[in-house]
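Below you'll find a set of structures to go through.
The same chain A turns up in both complexes below, where it pairs with chain B and then with chain C.
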Partner chain A sequence: MFQTIFLELNVFLKLLKRDLKIFSNNAIDNYINTMCWVLLSLIVYQFIMPKMGLNFKGDFLLVSCVISKTFFGIMDNVTNIVADLGENKTISYDMTLPISHTLLFIKIAISNAIYTCLLSLLVLPMGKLLLWNYLHFPHFNIIKFFIIIFVSSLFSGFFSLFIISITKSIMHIEDIWSGIIHPLFALGGFNFTWKVMLTVSPFLAYVNLFNPVMYMFEGMRGATLDPTLSLPFWTCITMLILFSVPMGYIGVYLLKKRLDAI
Partner chain B sequence: MNNKNIYQTFYALLLKDIAIYNKRWIYRAIDALVWSGSSLMITHHIMPLFGVTDPNYGIFILLGNFAIWGLFEMLTSIAMFLGDLQGDKSIFYYVSLPLPSYMIFIEQALASAYRSMASSLLILPMGKLILGDTLVLSSINWPYFIFAFIMINIFYGFLTILVASYVKNLPALTMVRSRIMFPLWFLGGFQFPWKMLYGVAPKIALMSLCNPIIYVMDGIRSTVLPTEQYLPFWNCMGVLIFFSIICGYVGTQKLKRRLDCI
Partner chain C sequence: MNTNFLTQFMTFQQLLQRDWYLFKQTYVHKLKMALYWVLLSILITKLFLPSMGLQNYAPFVLISSAISYGFFIAMQNAVTMVEDITGNQAILYELSLPIPQWLIFFKFTLSTMLQSLIISLSIIPFGLMLIMDVHAFPDFSYIKFIAIFACSSIFYGSFALIFTSVLKNMHQIDNVWLRIIFPLWYLGCFQFPWKTLYEISPTLAYLDFLNPLTFIMEGGRSATIDSAGSLPFALCCIMILCYAAISCFAGIYSMKKRLDCL
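Let's turn to the complex of A and B:
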């Protein structure tokens, strides 16, 4: 029995290593894509939007950008995997390896989590380097920062599994962007906090408590900005872990059904 | 070739693409509503708490959503085009029809324009529901508005051809999103008028005149909001026609080479 477990773990780690190798091959492209997002958001929100009256600035937006990358980052791999499911089906080969199919799908989630974590880890330093004097983080807590990135990435990884399982083909990827990803992101608080939403519309704010992306944003603000602005940090962490479980479970279940996995 | 035959074939192809899209129209229209509705609600209800005092900011963003949707729909059209190239390759049948090959691509551009027009149609009525009395329909210069709407989407159609001619495969769509669509969108005045950008950063504003989305945004907004805050309407339309010709010409030439057309 232990031999089987070790064998499965070995295959699991080898597959993860393979995915990381692919990531490192495309790392420059990925970081350039990330830079485009960070740089443009910072320029617009630090220098232009204050003229429209907005009173939050680059530091608020930069931490939102970190989470944006953690959340959006999964879509790169989702697109690749959905394209693969529709055409080459290289996953069929992975499914013949001595690893349980559940573990294989969890590997996809973990791999996506690592990918998005590596991308988002650099967003804050890159932003700070770009606009050094304009950005100030007196409440920055590095341990909480790493914890929220790690947990958010993990959630995103399992969420990606769910998205892959419900996306019929590559032609429907835009439906996912517009119908699921963007609303969760926009209502999740890219440019506002949950407490502000509560003052405007308590009903919407309470409904938004079911939006996991909101906990990602709030947790990140709790770790980097004034903690009184956001929901308690550890509540966000707990909620993200709780949301990861059903996402992973449904994702694995639907993928198994779709691929006739055992 | 007989001109009548050419136009009949062209028209039949266009009708075929329209009929295919109409089956999917409702899904894309819902996507547009979800995306636009979520961003409009935040802008209209929450952004005033962050200092935005302009009472027309909701209308400003609604018009931005209405005009930018075609840019998102462009990705769907590119996905369809590339999906066909990598899969059924039905395009090779079309280029064998009694039609000059460049007209096939013009037809694809017009079909793409139809897709973005059709899917964004419901955004305005939904905006009226959210904004209520803030949006006065009688204040819209309807002939200009309709003309701008058609012209903008025709431009997106030709932009689709240009971008599709450069994108290698479906997974590369991620790159299109990060490096083409996002910079065009974010620096294209979606959140600010060009004249305001000129007041903040004249050099960036002058450079952004090379970004066609500036004309899309200012063109459509000048048909509803006070014209003195925006670039002149006919200048915007003229430049969009110019960009459409350039995109169409370059895109057609590149696609002809890619598909080995005569």
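Let's turn to the complex of A and C:
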């Protein structure tokens, strides 16, 4: 029995290593793309938008960008996997390997989580390096920062599994973007806090407690900006872990059904 | 000679008609996708951004989103074209028809232009309904409004060709999106008026004249919300048409080269 577990673990690690190698091949391109996006967003929100009256600046925006990358980062792999499921089905090879199918799907989630974690980890340092004197984080807590990135990535990984399982074909990816990803992201609080939402519309604010992306944004603000602006940090962490479980469970269940897995 | 011209004209018309037929089938779906994005952005701007310091910003977002949406329609069409060129190559059939090959690319431009125009114009009434303010567009001029949407759509149609020729394969989509499309859109005065940029940095503001989207956004605002504070309307239209002509010629040239046309 131990031999089987050891073998499965070995295959699991080998597959993860393969995915990481693919990531490292595209890493430079990915980081350049991320940097372009961070730089432009920072320029607009640090220098231009405050002139229009906006009362937050680059520091607020930069931490939102970290979470945006954590959340959106999964979509590259989601698109690739959905395309693969519809055409080449290279996943069929992975399914013949000596590893349980549940573990294989969990590997997809973990792999996506690592991918998105590696991408988003550099967003804050990149932004800080670009606009050194303009960005200040007096409440920055490095341990909380790593924890929220790790947990958010883990959530995103399992969420990606859920998205893969419900996307019928590559033609439907746009529907997923417009119908699920963008609403969750936009209402999650990219440019406003949950407390602002509560002041404006308590009903919407309470409904938004069911939006996991909101906890990602709030948790990240709790770790880097003034904690009084956001929801309690540990509540965000707990909620994200709680949301990860059903996402992973439903994702694995639907994928097993779709691929006639054992 | 007249018969030849007539045949070419008929073929061109039939091809355009086919595209129109296909577009009609997907119109509702495309509009739905556009509305998800635009209406959500307006809702957030109207409800929450005033608390963050941005007062009466919803009409600004509506006109910017509606007039720039054609840019994304152009991108979608370009991606579909690239997918075809790198895959099934159905375009080879069109290139074998009794019609000059450059006309096939011009047909693509025209078809994209019409699609952009229809979707962009359709967004406006829904957005206005959500804003629920009869004075949302205080400087509204019907003629200017139609003229700027028509000019911007002509540009988007032409730009789709440039985009198709730049995008070598589907793997490059992220690079092109984040390094070309996003900067053009984000720095093209989508969220701020050109005047604000000028107050912050005249050099950057003048450099922004190299970005056709600056004229599109400014023209859109001049026709609806702020004719005095925007760039002169006629200048915007002329510049957009100049950029469209350059894009059209350059696009047709690159596409002919890419597909080894005569």
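Rule of thumb we're sticking to: the second predicted complex is superposed on the first by the 262 of 262 C-alpha atoms of A that agree within 3 Å, B and C clash if a C-alpha of one lies under 4 Å from a C-alpha of the other, contacts with A are read in each partner's own complex, and residues count from 1 in each chain.
The rule is simple: a contact is a pair of C-beta atoms (placed from the backbone, for glycine too) under 8 Å apart; a residue touches a chain by one contact, two chains touch by 3 or more.
What you are looking at is a predicted structure, and each value in this text was computed from that prediction instead of being measured.
After superposition onto chain A, the modelled positions of chain B and chain C overlap sterically. Shared-chain residue A:125: touches no atom of chain B or chain C.
Once chain A of one complex is fitted onto chain A of the other, the partner contacts of A:171 are limited to chain B, with no touch recorded for chain C. Once the two complexes are laid over each other on the shared chain, residue contacts for A:98 go to neither chain B nor chain C. In the superposition on chain A, A:179 contacts both chain B and chain C. In the superposed model, A:51 makes contact with both chain B and chain C. Legend: residue contacts after superposition of the two complexes on their common chain; A:87 is shown touching chain B, with no touch to chain C. Within the superposed three-chain model, A:37 lies in touch with chain B and with chain C [touch as defined at top]. In the superposition on chain A, the residues of chain A touched by chain B in one structure and by chain C in the other are 29, 32-34, 36-37, 40-41, 43-44, 47-49, 51-56, 76, 174-175, 178-179, 182-183, 186-187, 191-192, 196-197, 199-201, 204. The residues of chain C lying in touch with chain A in their complex are 32-33, 36-37, 40-41, 44, 47-49, 51-55, 57, 174-175, 178-179, 182-183, 186-187, 191-192, 196-197, 199-201. Against chain A, in their complex, chain B makes its touches with residues 27-28, 30-32, 34-35, 38-39, 41-42, 45-47, 49-54, 57, 72-73, 75-76, 79-80, 83, 86-87, 170-171, 173-175, 178-179, 182-183, 186-187, 191-192, 196-197, 199-201, 204. Against chain B, the residues of chain A that register as touching in their complex are 29, 32-34, 36-37, 40-41, 43-44, 47-49, 51-56, 75-76, 79-80, 83, 87, 169-171, 173-175, 177-179, 182-183, 186-187, 191-192, 196-197, 199-201, 204.
Interface of chain A with chain C (complex): residues 29-30, 32-34, 36-37, 40-41, 43-44, 47-49, 51-56, 76, 174-175, 178-179, 182-183, 186-187, 191-192, 196-197, 199-201, 204.
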